[in-house]
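Shared between the two complexes below is chain A, which has chain B as its partner in the first and chain C in the second.
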Partner chain A sequence: MKTSDLAGHFGLETIQAEFTDAEISAGYTSDLLSDVMGKAGDSDVLITIQAHKNTVAVAGLVGIGSVIICNARPIPDDMIASAREEGIALFRTPLSQFEVSGQLYAVLHGLSAIPRSDAPVANRA
Partner chain B sequence: MRDSISMDIPINTEGGSRVVLDLIYSLKVRDVMTRQLITAAPDSPMREVQKLMRDNGITGVPIVEGSRLLGIVSIGDLLLALDDGRISSSAEACMSRSVVTLEEEMPLTFAISYLNRYQFRRFPVLDKNGALAGIITAADIIKTLLVAMNREVERLEATIRAPASPTVANASDEAEAALSLSFNTYQFDFDNAGKASAELKKALRNLKMDPTIIRRAAIASYELELNQVIHSSGGVMEYIVRDGRITIVARDSGPGIADVAAALTEGFSTANNWIRSLGFGAGLGLPNAKRAGDDFSLDSAPGRGTTVCVTINYALPA
Partner chain C sequence: MKVIADFHNHSCLSPCASLDMSPSLLARQARARGLELVALTDHNSALNAPAWLECARREGLVPLFGLEATSIEEVHVLCLFGTVDEALGFGEYLRVRLLPLPYDRRRLGDQVVVDADEGVVDLPEIYFGAALTLGFDELCAVGRAWDALVIPAHIDRPMFGAISQLGFLPEGPYQAVELMRPADRSLAAGHTVTTGSDAHYPEHIGRRPFGIELPPGWKQADGLADMAILAAALRPELINLPGQP
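Presenting the complex of A and B:
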């Protein structure tokens, strides 16, 4: 699946849409930036609640092309601006990291179809 | 819901006067915040919250249970409640729940960049146990800064002297190097943290370096740069690319590492809670930097500062 396939699915709201479309082969779920730095792969999508511009900086340095912010955390304007500068896609969802990771894993491993946004989703808010 | 008049505080946290930078990095949120809090209980009716705002001339009321912050009722929430005929409803039913908070140990730069970054006009401040300790607004910051700047200007007027001459890079070194860059870092300057590493990455790309090499250099550089921002009182990041070798030198002026072996152990960290809340301080920084490099050396002692050197070898074109 590609970055553009994320938009409008998994209950994701597109926050920053100016990105280089790329193939997504896996995801990395972490709120520790050094952990992301050391372990994430360069075609991963990053699933996190860490909504600040240092997250974009780390994503840019390791080559991550898209970031999903979970639990509907507020996203600061300067994070959006630096994601635009770096060409990194930014999405937000009310779902938790667990829910998003599970759904994405299922799709990437051919266990389910891409869930549509209008499908009922568990919302803990 | 940003006001038509910008609420931005016109202080540049990136460049600008060294004196002002020193002030906003040395003042803590707790030095600036208001401690006399006007709060309401979750079951207070909105009508009562409205009266609190009017009587005290404030535009936001934290909703608390004991010292625990549950949410905040802003003028916007109040207007919505009036519109929807919910003025008799409880504060809990009408408040904003997703509240961005500051911690009292954070440097003032955080409060300034939060005001510029989010649309909120006030930020509740929590102590290290997560209890509500105060609230901070743009007016609080401006008042404190004016007083501090006045004091600083008076001190400077008393001791005006010629500025130190800038250091000049060694010309012969630079002639041979394919790349030679140097950047300053400041303690707790998270707004600019990572810029030096991003510049290194850009420069290596321009040199058509292999992507794997660039990634390793970027990782090592970022970890060392963040270490300076989190732990040191400021430092310098230097990069030299020459003869098939990328050298990254991170040099800071203190306080130094007491137990170097522990600092190199994965999971060991001396970072405090709010630094951890930003996703740093996992105790992976130095181990990550070491793993990314072909060679790694660290020289540090308490009171002396720390110098870390990472080198990465790359294949020269035949």
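Presenting the complex of A and C:
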């Protein structure tokens, strides 16, 4: 699965689309950026509610190429701007971190087919 | 003159603090432990500031009236004022920006507004332990716009500090940053460092004060601090941190 597959397949809203497309092999789910810095891997997608420009800086530091902001949290403009500068994809969803992590895990581990982009996505917001 | 200061203390208004922490007890213990310039900083509220003024005056302390505000990223920020009215005004501004979480005092702890003699004045129904809808950067900017001293709290704590929540301290208009372990000042990124007791229980009072060199006039005729003088003195060379000579 690639970064460019994320939005269509999981019903994510694309917030920042100027990114370098890359293979995604895993995800990392955390709202403590200190934890992300120490634990996340460079082919992860970051699943978080922490919508702050530091999220982009930490993602850049770790080598994370895409960030999914959950629970429809508002995203500040300076976060979007720095994601554009860093070429990091930014997505948003009304779903919780649990829902997004579960769906992505299932697909990455072959437990389910990639959902079709026109299929309804569970929405508990 | 060297003044012993402590910018971070809770009272019984903070749901996570001991009910024993009346402003009256805080003032008595603070004086007994040698503090002179002492802030009351309850979570997201300054409703005990009027009692704090009276209790601090009674003990000969110079009071600061503050709040420990919680950004939406759950970063704690000390906002300190020189007068009760400013702190209450800022508290009102924040109150309508708190996430409306259900408050169950049996689970989350009591929030008690008291008078200077430990009489109960009010039991607010809004949960002051919630986060605000303001992001960290906006919160700090708003604090400065209200003329507060803005000091990100315990940035080296594993929870609720700028570094735990945001990975590193963002640039911002802080007058200082608070460290729990000031021996390693590298985390402060060049900002002036203060310490604070973050007292939630009586035994915490006075555990992490700092010394600050203040010029004559810092204590006004009304017994309150001159905030301009205080802000100007928040410079590393004028501050003695715990563990330093």
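In the analysis below, the second predicted complex is superposed on the first by the 122 of 125 C-alpha atoms of A that agree within 3 Å, B and C clash if a C-alpha of one lies under 4 Å from a C-alpha of the other, contacts with A are read in each partner's own complex, and residues count from 1 in each chain.
Rule of thumb we're sticking to: a contact is a pair of C-beta atoms (placed from the backbone, for glycine too) under 8 Å apart; a residue touches a chain by one contact, two chains touch by 3 or more.
Treat the numbers as computed from the prediction; the structure is a model and nothing was measured.
Aligning the two structures on chain A places chain B and chain C in clashing positions.
More chain A residues lie in contact with B than with the other chain of the pair chain B and chain C. Of the two partner chains, both chain B and chain C are touched by A:54.
In the superposition on chain A, A:42 makes contact with chain B only, while chain C stays out of contact range.
When the two structures are aligned on the shared chain, A:77 is found in touch with chain B, with no touch to chain C. Looking at the shared chain after the overlay, A:33 reaches both chain B and chain C.
Contact with chain B, but none with chain C, is seen for A:63 once the two complexes are overlaid on the shared chain.
In the superposition on chain A, A:8 contacts neither chain B nor chain C. The superposed model built on chain A shows that, among 4-12, 40-48, 94-102 or 166-174, the segment of chain B colliding with chain C is 94-102. Shared contact residues on chain A (touching chain B in one structure, chain C in the other): 31-34, 37, 50, 52-55, 57-58, 61, 73, 76, 78. Note for the complex: chain B touches chain A at residues 98, 100, 113-114, 116-118, 190-191, 193-194, 197-198, 201, 211, 215, 218-219, 222-223, 226, 278-280, 282-285, 287-288, 291.
Of all residues in chain A, those touching chain C in their complex are 31-34, 36-37, 50-55, 57-58, 61, 73, 76, 78. Interface residues of chain C, counted against chain A in their complex, comprise 72-73, 135-137, 158-159, 163-168, 170. Those residues of chain A lying in contact with chain B across their complex are 31-35, 37-38, 42, 48, 50, 52-55, 57-58, 60-63, 72-74, 76-78.
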